[in-house]
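In this document, chain identifiers A, B, C and D correspond to the written order of the chains, with residue numbering beginning at 1 in each.
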Amino acid sequence: MSSALTFGHSPFMRFLGLEVVRADKGIIEVRLPFREEFIRHDGSDWLHGGVVSALADIVGDYAVVTETGQGVPTIDLRVDYLRPARRGDLLAVGRTLRVGRTVSVADVEIRDSSGTLVAVGRAVYASPRPRGPETAG
Amino acid sequence: MSSALTFGHSPFMRFLGLEVVRADKGIIEVRLPFREEFIRHDGSDWLHGGVVSALADIVGDYAVVTETGQGVPTIDLRVDYLRPARRGDLLAVGRTLRVGRTVSVADVEIRDSSGTLVAVGRAVYASPRPRGPETAG
Amino acid sequence: MSSALTFGHSPFMRFLGLEVVRADKGIIEVRLPFREEFIRHDGSDWLHGGVVSALADIVGDYAVVTETGQGVPTIDLRVDYLRPARRGDLLAVGRTLRVGRTVSVADVEIRDSSGTLVAVGRAVYASPRPRGPETAG
Amino acid sequence: MSSALTFGHSPFMRFLGLEVVRADKGIIEVRLPFREEFIRHDGSDWLHGGVVSALADIVGDYAVVTETGQGVPTIDLRVDYLRPARRGDLLAVGRTLRVGRTVSVADVEIRDSSGTLVAVGRAVYASPRPRGPETAG
């Protein structure tokens, strides 16, 4: 697995606690271990949607990284919340739909610990350029 | 300000540290104070995009709450990252575009501490119903 | 095939010339026969993106109709244009991701006559209610 | 007004019958004169959503053209249908949110002939490059 496919360099991803389960060209599977801070409101069994959208953004990005070898800025992200995500780990699978010279597109499916599909994400990422400053996402 | 317009009941929103700056019917302004955990990668001056998308989701939701008086599940969310968000507080303004019987639509603008527009969000929320279980978002 | 799964009642769909190829619970395949009016600009071999987005909207809607038996208003639509669509028929497959009491979500894949995946769509539709006026989409 | 801001070169835009009302750097206003082919179903007073989404795509594109001077491929488009569009002309205003080296982002508001805001669009477009083939949208 490429060293690009790790999360230890990022304070936000360390906070989330992400773990790569599996990665191949064009596909990546990531686990988000449960933390109490992810709960929507006290006494609830549901995770907050913001956790789900952050996971979708990151896993789509890393699906692109499996092909390009480097992190890429997100241009835009859509998340559809299909069902509430129950307390427990989340498992996300990201797949590239297209890796182009200008932009790449990836799809993400997120399941909760019961295996229920709780959200789908679709995002566009800027393709890496030889040199140049970090620009978005 | 309605007691519905607070964040203290939510572990995830407490982690984020959100503060309501101003709220009126159809509009809300929320500050996200900076935390080191929001940084994209060690040594970077940029916030992670997942922080921005979570903020967009929540602030759109609370814009709807200013009209409906209760939290509503997110159906879907789009975030466009226009520019990188620099280290520092984020300020988000949410506005309702439509509050309907079935769904509501809200727009969010997010600026970093330099006043730069760093992202825009648009989201659809389920409208509250008299009774019924929590269903998404 | 349900009589709801026809396009003859709609001036816009007659203009487009849509044909249902196949329909089952949760899935529908629709052909859009080529017309010169669909070309992007004179002398081009590419279809206009507006044709593609209209097709995505309609086919997602009809995927939902395979489950609900009646047309439903579109709440929002996202279309990602992956590659240009060449002159010729388009073939679209729509699948429901979720059919709920309030809203339904559908995915659409659109291929051109060479079999190339040219666009993907994702849309949310209002679920039918027992009575009530037409409201959107 | 730049010669790039015309629609006469495009079979699909001629079918639609689009007219530029006003254009300035970063903003464009476009009228879509009513045609019977735009109606949703026979006997209805509502326009089809596909007409609205095509209009959103085109007007966002032309908002970018007011800054870049040339047509640009759509990368992705979101349309939110707020209210049904009544029989009659549509008026769309497109504004650029960002014009960048890689991509541009534009917002579109669409009103029907009664002045009602019926839909909003947000789209990302590839920025023009010095040379290179037509690639999407």
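Keep this in mind: contacts are C-beta pairs under 8 Å (C-beta built on N, C-alpha and C of every residue); 3 or more make two chains touch, one makes a residue touch a chain.
The model shown is predicted, which means the values in this text are computed figures rather than measured ones.
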Between C-D and B-D, the pair with more C-beta contacts: C-D
Most distant chain from subunit C, judged by the mean position of its C-alpha atoms: B
Computed distance of Cα centres, subunit C from subunit B, in Å: 32
Distance between the centres, which are taken as Cα means, of subunit D and subunit C, whole angstrom: 19
Distance between chain centroids, defined by C-alpha means - subunit B, subunit D (Å): 28
Subunit A, residues touching no fewer than two other chains: 75-76, 78, 80, 82-83, 105, 124, 135
Arrangement of touching chains [line / ring / star / complete / other]: complete
Touch list for subunit A against partner subunit B, complex: 9-16, 36-42, 44, 46-51, 53-55, 57-58, 73-84, 134-137
Sites on subunit D touched by subunit A in the complex: 75-76, 78, 100, 102-103, 105, 124, 126, 135
Touch list for subunit B against partner subunit D, complex: 78, 80, 82-83, 97-98, 105, 117, 120, 122, 124
